[in-house]
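Presented below are the structures under discussion, each in the form of structure tokens.
You will see two complexes here that share chain A, one where it goes with chain B and one where it goes with chain C.
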Partner chain A sequence: MQTNNMTQGNGAAAKAAPKYHKMGNLTKNYMGYVMVAPFIIAFLVFGLYPIANTIWLSFTNTTLMKQSGEFIGLKNFQSLFNDKFFYMALGNTWKIWLTNFIPQMAIALMLSAWFTSSHLKLKGVGFFRTIFFLPNLLLPATVAVLYFSLFNFYGPANQFLVRTGIFSEAFQFFRNTTFTQSLVAFIQTWMWFGNTLIILIAGMTSISTALYESAMIDGAGGWKMFTNITLPSLRPVLIYTLVTSLVGGLQMFDIPYMLTDGKGSPNNSILTLNVLMYSRFSSSKGHIGLAAAVGMCILIMTTVCSIFIFYVLRDKDAAKEKREHKKMKKEQMKYRKAVSQ
Partner chain B sequence: MSTNTKMKMIDRNSFQVNLRRFPIYLFLILLTLMCIVPLWLLLVNATRSTPEIQSGISLIPSTNLLANFKTLSGRNFSLPRGFANSSFLSISVTVLSVYFSILTAYAIEVYDFALKDILQRFIYVLVLIPQQVSIIGFYQYMASLHLTNSYIPLILPAIAAPASVFFAKQYLETCVVRDLIYAGRIDGCGEFGIFHKIMMPMAAPGIFTMAIFAFVASWNNFLTPFIMLNKVELYTLPMLVQLLRGDTYRTEYGAIYFGMLVSILPVIVVYSFLANKIVGGLALGAVKE
Partner chain C sequence: MKKLIVLILASAITLSCLAGCTTTPATTETTAAPAGTTTAAPGDTTAAVPAETTAAVPLTGTLKIWSFTNELQTHALAFQKANPDVKVEYTEISMTNGEFQTKVKAAALTDDVPDCVALEASFVREWVESDLLADLSSLLPKAQEMGTYQNTIDVGTFDGEVRALSYQTTPGAVFYRRSLATEYFGTDDPAKIQTLMGDMTKFQDMAKVVKEKSAGNTYMVASTGDFTNLFYANREKPWIVDDAFVIDPMIDQLMDMAKTFRSEGYEAQATQWQEGWFAGMNDSLKDASGNAKKVFCYFLPTWGLPYVLMKNAGDTAGDWACINGPLPYQWGGTWVGAMKTAKNPELAKAFAEFVALDETNLTNWATGVYTNAYLKEIDPSIGDTLVQNPGDFVSSKVVVDKITASFDNSDASKFLGGENSYSGFAAAAPNVSARLMQGSDDAIQRSFNDPLENFVSGKMTKEEAIQAFKDAVQSEFPEIAVS
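Our next item is the complex of A and B:
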């Protein structure tokens, strides 16, 4: 891969650097601490402490009214695991994510294969790419309200369907659970397939064309090249897309919250975990402890799934090679040290 | 490009290729319509009066844009203020996150200090940890400091933006020229001077890309301000747009569409000028992980 070469090239430059340091600038390295200090301080104050605080709160009965709560052990998690709404939210979150991710990935893979294909030489690739990415930049709030307006009882969708005679009378879209759930998944796909597409195109263009040329000489067809060259070479990019989409998908909030009444209507069909968290937080009692427990469940689930994906999809041969490479480097360093002494 | 050799081999059966291209173009046009039509309807309806909107779909703009703006302002819906709030927040967040991310990435790239590798790996892991899961702890913590209904909790955390550092590090790897740093030192430039006067201008294209993504992310952010703020004067655009779904505006369709249009217009205008840079920047950040 081209990118690999580039990073290796820089690695070489980095190795060359210490030579200069020995010429008298070694002391300047303390500047590294000075420059990372703002990041570390801000992270401790605004990143780490809130996480620690959330973990602590999830073990307490804190509410919005009384700021300090008592430690109640695992009771929040117990009541969560006995709550049918929690299981509903869990199921909905996964269902909506999967029904969004699978078509999104399929479309993005197909389009990126077409766009980078030297057989097809499609025209206007840049134009299509630009248009497909546009929805990703829009405010989710606006997108939700827009789709709410479009599929409203008096909205354009009903006007169109009734005028053209497809429906005999206007349809209450937001009273239908299947429709509403599918619409959320569709909106997610609508907003994200362009993003995935651009990442996949970048991944595909970095695959060496020599691979395809030699495959063609061996008489491989388009599909065979796709499954045997494109997909394996794309592995790191695919893992990246999968994990980022999952991390985002499990936290889905804006669209399901703003598309209907903010409580997952109709019939809790778009109640996702984050919507549940917010509803516990904003309920009249303001159960901060319970909401924090929901947040913790999302965090644990995200972490476990990410690690699982990395573990299952890792390139076993490459990992082995890397380890051996590291070992060799270590030995080289030892050797160099011994020589210099 | 070495694809030329392949092209020659394929050209012979170009008729077949044409036949294959046709359904592909059809599909692409379909997807284009899918992306454009909802937005076009939004634009058109923002210019139509409520009776016009109720009477049917139209793809041609009408003349009610100003009237819709007046209806919306008449209902105590202050778009200009929301716009100003969102702009202030997004610009502050962008400046802080871009400056400190590039500073952090530069330190990791250039200096040798203890724990540097651990810090770098740690930041890479942080990218994957969703921020919203700790929002409850964040809220309670800020409330105890009496910082709700303040922009401080929305701006200062931008100093530690792991995803931005990740991108900046990838970018700096390709553009840090060590000889220039040594030259700067010999000329008596301080370390921060080297960073500001030599590195920042050199990394300008990357900084620009980071800035755009930081701005859009902040502009679109809903949950954090929604939880932290409850004074209407402080509301950001997404929070105002969210109100449009409520009862107050139920029958003022023209005004609702107008409100939505204003919220997305800046992003669309910027995008129409800088689309290639934005799309290219996204690709740059993603592949070299």
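Our next item is the complex of A and C:
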């Protein structure tokens, strides 16, 4: 970034020009700080403070029914790791997320490849994109109620299945753990694949068609082009989708909570970590400390997994290039200093 | 100049972030979409009547009331009529999965605290045993004067302090279909059916007869959940004794009976409070193949009659009768407490007194004076569904004795084919005992639903179900010793 040494101007010019502050090779413009300040303040107050408070709470035994809480160190975490419901919730959360994410990603990639393909020339792409995105706009509470009444013992699903003869008698859908877990995963996929689709389409349209054309000339088939051109170019988009889906998936609450009785029945099969946290919080004693401890575990897990994703999917070539570039700049600086002295 | 505009815009953005902070609890309740804050069907209505500025009436101020049904709203409107200078802000929060309790607990130590809260039987003890409710013991003399039933006072008392009062007493009953009784048992006379249903064994025998005579088209009850209350209410020991978890032998009997009912097909698997359960009340229940099914009887307490059965019975009105059933029990009931940290403690206490102990209010409540038109006169914005049908069994013996005869020709009586249910309740009410009620009852009993259902459907053995129950209770109450 080229900088002008405005401080060398005459008095009148210096007054008229905005104030610059010189620090090494950078000039800092205070207007930037002013612009960013509102967000920073809002984040510190509404984002950082609650996080810090939760971290503090997880080390206390605060409850809603008492007026104060004392510091008890790692006792909350101890009781959490001794609680088999915690491990159940952990397993369920990962299971439901993976069952949701893998098909969702596959479908979204496939659809976006077709929608942006230059030689398929599909009609009505915009229409389908809108339709696929619509479930994302529904409120989770509404969706949960909808599916609950669909698969109720006296609901339409049973009526349809029995009258057409597929089942001989009505089936208690929500007493079956496999079904309930799959339903939650399905609902999540159904609600979010449109969102993923749109992001992937946006990513794919930014890949230059010249790459594909030259690949076609070299004789590459559709699949080869997909794995060697599309996917690598989509890397940042994939990282984004992966990380946001991970964060959302590990915090899955609304559908599992509202679908059955709020305790993860049947058999705690849809007891996810956030449902566990909420049930600790809303239990008759209102264990805020325990709930905060669960929240902390979710936070740590999410952070570790996100870092892992970033590491695995990092662009090794670009990183190498960056290092070379930095080295070169350093040499340049050294040379300039040597010359100017 | 440019800098100035930029600065103004920046501060405007900052301020708009902070503007979302302060909203009245009523609106935050209505607009909050996150799971767990669903509101019940009639919707959140805040009854706001502009306060008049005359100083003639002693009670003034704003009263914030939080409840989980719209029952207390009717009381609130009546209170407003009696005290025109009081402005009532009413918020309704559903308690299906415990959202109401969570919200009140969360608000208890903040500025959003309501003045009065409604406390349902499932969690009233928890609150009475905590230190969040104000002391209402000064109202005890009046309660005794009004002949408030002892169990109602007992539930609201802890450590010698009265902390919650109720406008209703809720002995339980069984409501059965007269036409079906005549068909299967040859009589629909309540006294004779009561003899037939003398205890749980006889009840099960009746279920067998119903199934045989109807070729499986009529179920004795809508679900096994219908009679769990009977077993819970007739235990010998409470759930928690000396900080240890105790499973009473009645639970074993409950599991056996529930299992029999499921395997023999005596119950419709129409879980309480869901579509199928209501459909059985008005004969619109159809199984998956489209065959019409009927339900012989429902276990409902006093408030079940006007609030649930009469509302949903449709064309079957007049075909019902009411008896005490195989075992005495109580179910539900709503208490009113004043929060200790309320902004208007005096007003809150006055409301509690009005709701539970005011003779005119109780009489009006029970005799159906609070029609929709009457309530609309007080506040036109309440909509067309708010009404208190006559027949609710109030907690004051004085009022009950006064009005029992008036129910001989009431709507409730016509609904029950001429039977005066009020006198039946009046006979049962003094025998209802709340001595085993504890704050943790609701959480424990809710934790039993899943294991019981697993056992009943054959997915778990009895030992596994009991173990799952113990695990759930231990997880919910880490400080209790669960063996």
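The rule we apply is simple: the second predicted complex is superposed on the first by the 283 of 341 C-alpha atoms of A that agree within 3 Å, B and C clash if a C-alpha of one lies under 4 Å from a C-alpha of the other, contacts with A are read in each partner's own complex, and residues count from 1 in each chain.
Please note the rule applied: a contact is a pair of C-beta atoms (placed from the backbone, for glycine too) under 8 Å apart; a residue touches a chain by one contact, two chains touch by 3 or more.
Because the structure is a prediction, the values reported are computed rather than measured.
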* Using the overlay on chain A, decide if chain B and chain C clash or can fit next to each other. => clash
* Which partner does A:169 reach: the first (chain B), the second (chain C), both, or neither? -> second
* To do: Return first, second, both or neither, reflecting whether A:298 touches chain B, chain C, both chains, or no partner chain.
  => first
* Return first, second, both or neither, reflecting whether A:35 touches chain B, chain C, both chains, or no partner chain. => both
* Given the touch rule stated above, what does A:49 touch, chain B (first), chain C (second), both, or neither? -> first
* Going by the touch definition up top, name the partner, chain B or chain C, that contacts more of chain A. => B
* Looking at the overlay, what does A:265 touch: chain B (first), chain C (second), both, or neither? -> second
* Asked: Of the two partner chains, chain B (first) and chain C (second), which one does A:121 touch, if any: first, second, both, or neither?
  -> first
* Partner chain in contact with A:137 - chain B first, chain C second, else both or neither -> first
* Answer with first, second, both or neither: which of chain B and chain C does A:83 touch in the superposed model? => second
* After lining up the shared chain so the two structures overlap, which partner does A:154 touch, if you call chain B first and chain C second: first, second, both or neither? -> both
* To do: For chain C, sort through 26-34, 152-160, 404-412 or 422-430 and name the stretch that clashes with chain B after the overlay.
  => 26-34
* Kindly list the residues of chain A that each of chain B and chain C touches, one partner per complex. => 31, 34-35, 38, 41-42, 46, 67, 139-141, 144, 149, 154, 159, 163, 253-254, 258, 278, 281
* Structure fact -> In the complex, the residues of chain B that touch chain A are 1-3, 5-7, 9-10, 17, 20-21, 24-25, 28, 31-32, 34-36, 38-39, 41-42, 45, 54, 56-57, 100-101, 103-104, 106-108, 110-113, 116, 119, 126, 128-141, 143-144, 153, 156-157, 159-160, 162, 165, 173-174, 178, 182, 185, 191, 195, 216, 219-220, 222-223, 227, 237-239, 241-242, 244-245, 253, 256-257, 260, 263-264, 267-268, 271, 275-276, 278-279, 282-284, 286-289
* Along chain A, where are the residues that touch chain B in the complex? -> 3, 6-7, 10, 13, 16-18, 20-21, 25, 28-36, 38-43, 45-47, 49-57, 62, 67, 107, 111, 114, 118-122, 124, 126, 128-135, 137-142, 144-150, 154, 156, 159-160, 163, 190, 194-195, 198-199, 201-203, 206, 209-210, 212-213, 216, 236-237, 240, 243-244, 247-248, 250-251, 253-254, 258, 274, 277-278, 281, 288, 291-292, 295-296, 298-299, 302-303, 306
* Asked: For chain C, which residues are in contact with chain A within the complex?
  -> 3, 6-7, 10-11, 13-14, 17-18, 33-36, 38, 96-99, 101-102, 105-106, 108-109, 123, 126, 130-132, 269-271, 274-276, 279, 285-290, 439-440, 442-443, 446-447, 449-450, 453-454, 457, 459, 468, 471-472, 475-478
* **Residues on chain A engaged by chain C in the complex (per definition of touch)** => 31, 34-35, 37-38, 41-42, 46, 64-65, 67, 79, 83-85, 139-141, 144, 149, 152-155, 158-159, 161-163, 167, 169-170, 172, 175, 253-254, 257-258, 261-263, 265-268, 278-279, 281-286
